[in-house]
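After this come two complexes, each holding chain A, first together with chain B and then together with chain C.
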Partner chain A sequence: MNELLNLLKENCPGVDFENSNSLVDDEILESLDIVTIVSAIMDEYNVEISVEDLIPENFNSVSAMYDLITRLKG
Partner chain B sequence: MSFTSLSFIIFMAVLVIVYYIIPKKLQWILLLIASCSFYIYGGGKTILYLLFVAGTTYCAGLILSKLNEDKKANIKKRKLVVLLLCLINFGLLYIVKYLSFTAEVINSIAKTSLNVPNLLMPVGISFFMFQSVGYVIDCYRGKYKAERNFAKYLLFVSFFPQIIQGPIGRFNLLAPQLLGEHKLDYDNIKYGIQLALWGYFKKLVIAERVASMVSTVYNNYYSYSGSVLAVATIGYSIQLYCDFSGGIDITRGVAQILSINMSENFKRPIFANTLTEYWRRWHITLGSWMRDYVFYPMALSSPMRKVGSFARNHFGGVMGKIFATSVVTFTIYFIIGIWHGANFRYIAYGFYNGILITSGLLLEPIFVKLREKVNIDFKGKLWRVFQVIRTCFIVFIGRYITRAPRLLAAFYMIKTTFLNFNYADIFNGTLLNLSMSFFDYMVVIIGMIIVIAVEAYQEMGGKARKALEKKPAIIQFCVLMFALITIVGLGAMGSNYVEAEFIYAQF
Partner chain C sequence: MLNVLEYLEKSAEKFPDKTAYADKQRQVTYKELLLYSQTIATNLLNKIDNINNRPIAILAEHNVNTLIAFFGVLQSGNFYVPLDSKMPKKRLQAILKQLDTPIILYSDNDEQLANELKEIAPIANINELLTGQINIDVISFSRSKVLDIDPIYMIFTSGSTGTPKGIVISHRNVIDFIEWMSKECEFTNNDIMGNQAPFYFDLSVKDIYLTLKCGATCYILDKKLFMFPALLVKELNKLEVTSLVWATSAFHLVANSKIFEKESIKTLKKVILGGEALRAKQLNMWQKAMPDVKYTNLYGPTEVTVDCTFYHIDKPFADDEIIPIGTACKNKEVFLLDADLKPVEKGQTGEICVRGIGLAHGYFKDSEKTNNAFIQDPRNPYYPQKIYRTGDLAYQNEQGLFVFMSRKDGQIKHMGYRIELGELEHALNALEKIESAITFLDEKNDKIICYYQGDLSPDDINKQLKDYLPKYMLPNILFKLDNMPYNANGKINRVKLKEDYYAK
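Up next is the complex of A and B:
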């Protein structure tokens, strides 16, 4: 999880990932950030994130993103 | 049938009475009959286009749902269905909207004389087509099962309040409401009427009043100094906002009277800090359509990911990280530009927005460094005000491009505004010879102050209609009467009244 958090901070430096569970719903992350994050995750974790996975629930928090990666790896 | 016509008010009054009297299971059938009648009344035979789009997308949805059930079905087959559907529908859109423009361009470049018959442009084709194609892509993604009843699906495509200028609805949000059973609800009627009145106020009192001045100046732009051109362009910015957002308020208000909640299409764009944020607040349903059905698929496509990898390896840093996304972002704004119409002005408008937003993304690291060196409170109110003014200015320049009769005229007008401003024209009476009296200017200015004040209140989290509800009944009644009298007394009505069309209806 910490590794993912560092990756997210590196790609979206201005975002407070630790203290929000509604990153997309509260418009903290916008579509551009999501695509940047998705590209970084795909490169780093070697998983295939499809357009169907791009729903707010999968990106609202670090743990949601972690769950998505775990699910895709499994 | 225009929303601003008396026949529409009568149509609505009859519809609402019948809607709440008949058995609830028949309500959706009544809405379908009303929607088709509304379209035929305004567009006649062009309903055939609507039926074609509804028919092809309905079939594609069924095929995709069938393929989704079959686990062995090849993904290539599903992709082929979506591809064919998009080719057929966007091909049709191209023919009715862009073919004559293409012929003009070819004729002027190759000195040929290609002749394209002028086809009747179906009202709202861009809106109902995008909505229907979105439905098919959602079926492809397995987001929901396709609707099996064509009549029910046709209602989703043709629902009359949204058919002229959106908002572009999503099937999973809109269809259950359209097909559901609704009982008469006092709050829905009350809120719906209030919202529609607010829309009529913006459209008839402000937008229509300023429209004649804008036309007068833009039709003879070479006769005026920069200051008059600037006033006319501010007028056009006001006209466009009040016309489009007012029309959407009427749409949403009318739908709410029928107990149907439609998506918001505006979120006070005048308070946007950046151009990107402006586009997130303006025509929201088109932006989210572009995001979900073009931006995401394009950004995550194999070729774009290769571009991304190449950029990360060769450029490094922030540039490497966001290069591919910037290319896609530029493409999206370009598409949004030409979505508005077949004209070099809209192509230029797409470039204008795309270049500004993409440059902002790519230059962000430089801005960050600059911000560190300058002693300014970037979280303070002053900076926020500066950002809002800066965004308004960028949008204001863009308005020259979309409203000018030709692209070169837009460049001329922008140049004149900056190089030959001649501010004396603002005070020497020139403005009173532009089809607007002093009284008209006052009405528009006071009207805009009211609009901005209400939006500022909403921006701070206030809910105008809820706040009004807490006031004593007599005050609520007075406000309603005042709104009605204002719209009837100051709106573009009367014996010489011509039904006001909406600017976005032509897109």
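Up next is the complex of A and C:
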């Protein structure tokens, strides 16, 4: 999880990932952030995030993104 | 026709009970819109002592109330200044002080922010202005003082010296543009629009006034949908949207999600793009899924009132081909001048210059910048006639279509936003621990790159910059250097840094 957090911080500098469980709903993340995060995760974890996985619930927190990756790897 | 409110009055007469605008919470019919705007105007004039032709600041949210407030301000004989409530407070305060607004209007969700702005100007919740008696006499008297050359809105954009500049647009400017566009792009009362552009961005002027003029219906789409294309396409199908007038960046983003490999928007008839260079690769993805839709590429800076050229896509383009910005809109002349302000030879690159009634008055409280950009037509030594120098470089191809090349200066388009890198660098260099910093745009990946020297991490830099700049202006990738490279005349060697970056 820490590894993922570092990856996120590196790709979206300045975004406060740690203190919110509603990154999407509180408009902390914007569309470019999502695009950046999706391509960073796909490169780093070697998973395929399809358009069906692109829903708010999968990106509202670091742990939700972690769960998504775990699911896709499994 | 002298005032855009005539569009509202005509549509309220023809389609009183039809939905004009709707967001996910509420909708408003044409008749209601007319009555609400008159109620707001009555209340507003009461609060501001019946003054006219003054800027009224509005914290613009992506909702119906914001539009009702726009028309309320116009009914009162004043003009609206839509401001992004998400911009940093320091920037917002600087704009409001420069504006000298008699009142700030806001939506419920900006209550807290509005309270913090109270010391600059009185505030009023739009909802609270929606009730009470309408005083038609007071409104008519106020409106009778508004000429068609008086302002309808003012939009702030990034300024290279660190202060945003306000562009003043008149009723005549907007009428001239909307009359042309509604005919050229064949808008009717049967159109259903899906609005993407925020209301503090002049791209939205097309959605707002095409809807109003034609008696169409415009759905204000939730911003979040643009992060999740599958949900967006589902929503557009549910709403049976026929027309999308979007920022090109949103169009690209949706295509890149590959949603169109599986889905399409079944009721869609036309897509009209503007804001930055349209890419053929993404256009092809849309066209493959929706071949019968008519696609149009528009170009123009806010200073010429939304757009000044158009191109209906009328042939296939290879993925790597450049899509032209086309030819001049009706009643606008678009031409190219060289550095000495002489017309260029056919096929040569020059600065895009524009002439016509659609030109803005200029910049608010900044005659120096106004005089630099709005100049006497150098081809006409006989009588006063202004042209606007866009700072954009283009050439005309063999078919006579304009093809956009690049900017003359440090202005960029990033995620659909117009940004002066000078303003970003100004803010970067003002941070305490930064010794020096430069920025540039990686166009291919649409990312702002920053090289800096100083004792701060990239994360810290962006967290501090957020106090001064909107999020879309922050660098996306930052590189820390121990020593900045300098060239022979003591300037930071930008060319070398760019080469280093692209070599990575």
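The rule is simple: the second predicted complex is superposed on the first by the 74 of 74 C-alpha atoms of A that agree within 3 Å, B and C clash if a C-alpha of one lies under 4 Å from a C-alpha of the other, contacts with A are read in each partner's own complex, and residues count from 1 in each chain.
In the analysis below, contacts are C-beta pairs under 8 Å (C-beta built on N, C-alpha and C of every residue); 3 or more make two chains touch, one makes a residue touch a chain.
Being a predicted model, the structure only gives us computed values, none of them experimental.
Once chain A of one complex is fitted onto chain A of the other, the partner contacts of A:Asn19 are absent, as it touches neither chain B nor chain C.
After overlaying the two complexes on the shared chain, residue contacts for A:Pro56 are found with chain C alone; chain B is out of touch. By the document's definition of touching, of the two partners only chain C reaches A:Lys9; chain B does not. Contact comparison for chain A: of chain B and chain C, C touches the greater number of residues. Shared contact residues on chain A (touching chain B in one structure, chain C in the other): 27, 30-32, 35-36, 50-52, 54.
Interface residues of chain C, counted against chain A in their complex, comprise 86, 223-224, 226-231, 250, 253, 256-259, 262, 415, 446, 458-459, 461-463, 465-466, 471-472, 474-476, 478.
Remark: chain A residues 9-10, 13-16, 24-25, 27, 29-32, 34-36, 50-52, 54-56, 59 touch chain C in the complex.
Partner chain A is touched in their complex by these residues of chain B: 141-143, 276, 280, 291-292, 295-297, 299-300, 305, 308-309, 312, 321-322, 324-325, 328-329, 361. Residues of chain A touching chain B in their complex: 11, 27, 30-32, 35-36, 38-40, 42-43, 49-52, 54.
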